[in-house]
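Each chain carries a letter (A, B, C and D) given by its place in the written order, and its residues are counted from 1.
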């Protein structure tokens, strides 16, 4: 028995038209680009996928396009990011109908919630669906940290099949990994694109790097090196990718929030690489300016990606 | 010209059946109870209304019931609480169709957002509807504070018609009120039920007290005293209401989050007073226990409300 | 029996020479200026007094100068702001020797501390001195909020004689005031200069306004109006002072932190008014620029203080 | 040229008598224990050293004892943890006189400070002493994060010689390490005892693990494995140490803050191992109870350390 989800599972961005609709053709090309690069799965409707920015109709469309394009070659994980239990369950049911292979769910947000309520939330979501369930730990968005104890309890009870960790709490991640030693199917996925080598050494099952949209080949090489115990090679690949991650500093922090700077840069890079048609992002984010785009292009050239 | 919204505008709770559906009969009774007590408006689907816990269908049902029950006697403000612009606009359009008289909108949440993006968000929402728009400042949920400068800029440009302030930042509220002196139609509504007298002295237009569900007569008396310059009377009424607010400490903080403790207590009190049928709350919150309910009952008795 | 500390008790700034030494002559003039304006006490070595910026020798010098200059006409409260218990006790002993009439103490900071440890801290400090002890609630600096329950427990046990509230939590302040109704000697002092009228209506004993350094006469008039039940007059005086408080926005937030912007503005105003010799502040803060000083001057002129 | 500080540099705890005085004999034994285990340096008066809890006299005594006991065999780094510039400089001057080989300094705390003021702070501290200066990034205590850009700017200008990173921000740490590639003498020390292997792979120079007081041999083996490229061995040693780190959960979070739980556990373990005489901690922390001590003992036995 081994972790259900391993390798590189990019949180796939959602290409948009200038009207904000899902650009299905671009999304299909992106799926193909990622699968050809060797990724192990696709995570649709995560933070990089603008889940919080898309209407339900656009969310449905996104899952549908990704599932059809992936066509069973790799599993599709669908983010079901909603404020509370009933709303999440609605999203889980839709993801299930649309053919997703697993769902990714956060703790409740917007509300003021107690850890026992967070636990109840995950149990209720699990009870509503047979799909594998990954807990998404992203306190920067949810403003609640999932404790290792809670995650391990839920995992031991078969409620969650793994974690997508974007908490930045490497200590908690290590404790979760160590505590899950007796749970061989547990997937411990790190969402931090600049320390994947380190988290793999710490026992991660795989990575969900937003930057993996832009350079999936690099992350595939990185995880291959980890798998083969070539840790110094892994660290060198990681260093290269960390420099590339500098594209998220292209947009000015004086006029763009963190979501814009991240997703905007990933989309700009993908447009520059010819994978998607447009770098458009959802309101109230903004597209990168010409000058900011040139900064992204310079990074891509330095990384040999243009 | 004077502020559009004044007086007591309770953030009406949403009575639920044990299955989590909207209990329309209870909701109608609650509307009647509040209007008979003399409130000036009703704010549906706020935090006390469990907006974040209700599916879209239940949200729609809630607005529909409240609008029909109010029947034009007082304006109905509808919370359109969603993560980002497109999703908010969908909710605003539905609220408009269902007959709401105004909408209440927060800054984006879940995302990492820059103040200029918050401003763009409100402008885009306003552009999508003719309804009056109140900015809802609730950093405990949204994790972004609306600055007085931003609110005043939006107000001067006709984008927002007022603020529903649940920020706890009395300094910012005072500065907003003072800055709005040149904007006579601006409504400055305080959401802090235990300092309504103080905020009215500071220039608030009215109050949106969650506790106003439970004791609307008390808040109506309080605002009447303020309006007549009987500040000492107002303070005494406020002191009584502040003691009553102790019901939110009935549920144990060891097993209940802030949302449960607040909404759960309000509903328990309304059920005890015979206004609504059940104190049921949405998952993953929990209903108050028998012992906790007795604490609420004791408070109601002390306040002469049972 | 009535609260021990009432009225206006400015957190007196500490005038400095360009070398960072205490400018005793300016400090004496400032004490005189404040007492002549009718203040009820002086709070030395608070946040406005740059307590955290002064070496122990300069702190001692500050208390010594203020105590001698006040000469028993009004009580002198001395901030004993240190990270933990032993260090606070050292400061309390020195303040006592130098003739302070009361000490003002925060919860521990820098450390990660539990509420029961905070309680132990205040009990240990009290055990070390006979001086009246005020709990200083300033979470923006200490990053711990003193709960009303804790403050009231300590007050009931004779550990603390009151609170200096700079928490911005008007709800907690109201609950503290209300809970202290049975403790007639308890002093509830608000540190928020722009809502003094509102907090007095809510039952505060007095105010500790940083801006009271600059316009003590205004705050004395404001509290007089409150005392006489002229609440509308109080609110008008408060509105004037709130506008004057705009001086803290003179220094650019792009190059100055909150401490610089506040203390720097107060000192600049006092220098412009001729009370102190220099607007110098401690490193790493910076003095206001010429342009920023002109903004302060414009505010003073508008307020009729130049 | 290579980093000035490498290997294991434990933040040495400060053994105390029951009266709270420095227990010099125990401290000397601890120094000997650590040096014999092969540590590369000693960091006195860090968070684990109760710096924030000790009076200046006890701080001086601590440095003095450690410097004399180390006797030049390994460098002694002295924490100069104070709120602001002048106060830090006083501590740096004393550390220098007492023979410390380097000083470790945080950003200002308690105050509200701008990044440009943080930069000015470090520059002023450096200007006051010839000792090597390490920036201590510990936002959980200081509530300010040192950005990689700031640290690298200060390093390039010769102001700081390295960083002691206790931020938990592995992304920032990686970016700092990568950015320091052109600064070969820069020391990047991680303070996170449970991910030392991962941070070494990411390019750290060494580690400052609080748990290194308890099991210095383990950390020395761990860093040796890293140095020799035996990454799997390193990870296994780390996993063992991570389990041992469970001692910080011995004290109940219901009655003990994080400082008590950490330092209290380290001291308890050292007392159980016979290195120091007493597990006493400074007020308002508390010593571990008998039951909690048994939990620590069980961990030590499992780790083969008793």
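Operating definition for what follows: a contact is a pair of C-beta atoms (placed from the backbone, for glycine too) under 8 Å apart; a residue touches a chain by one contact, two chains touch by 3 or more.
Small disclaimer: the values here were computed from a predicted structure and weren't measured.
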item	value
Intersection of the contact lists for chain A and chain D	none
Cα-centroid distance, chain B relative to chain D, in whole angstrom	48
Centre-of-Cα separation between chain C and chain B, whole angstrom	34
Multi-partner residues of chain C (each touching 2 or more other chains)	none
Graph class of chain-chain contacts, one of line, ring, star, complete, other	ring
Chain B residues touching chain A - in the complex, by the definition given at the top	20, 47, 52-56, 58, 81, 83-87, 90, 108-114, 116-118, 120-121, 124, 140-143, 253, 255-260, 262, 282-286
Residues of chain C touching chain B in the complex	168-171, 174-175, 178, 192, 194-195, 197-199, 201-203, 229, 231-232, 234-235, 238-239, 242-243
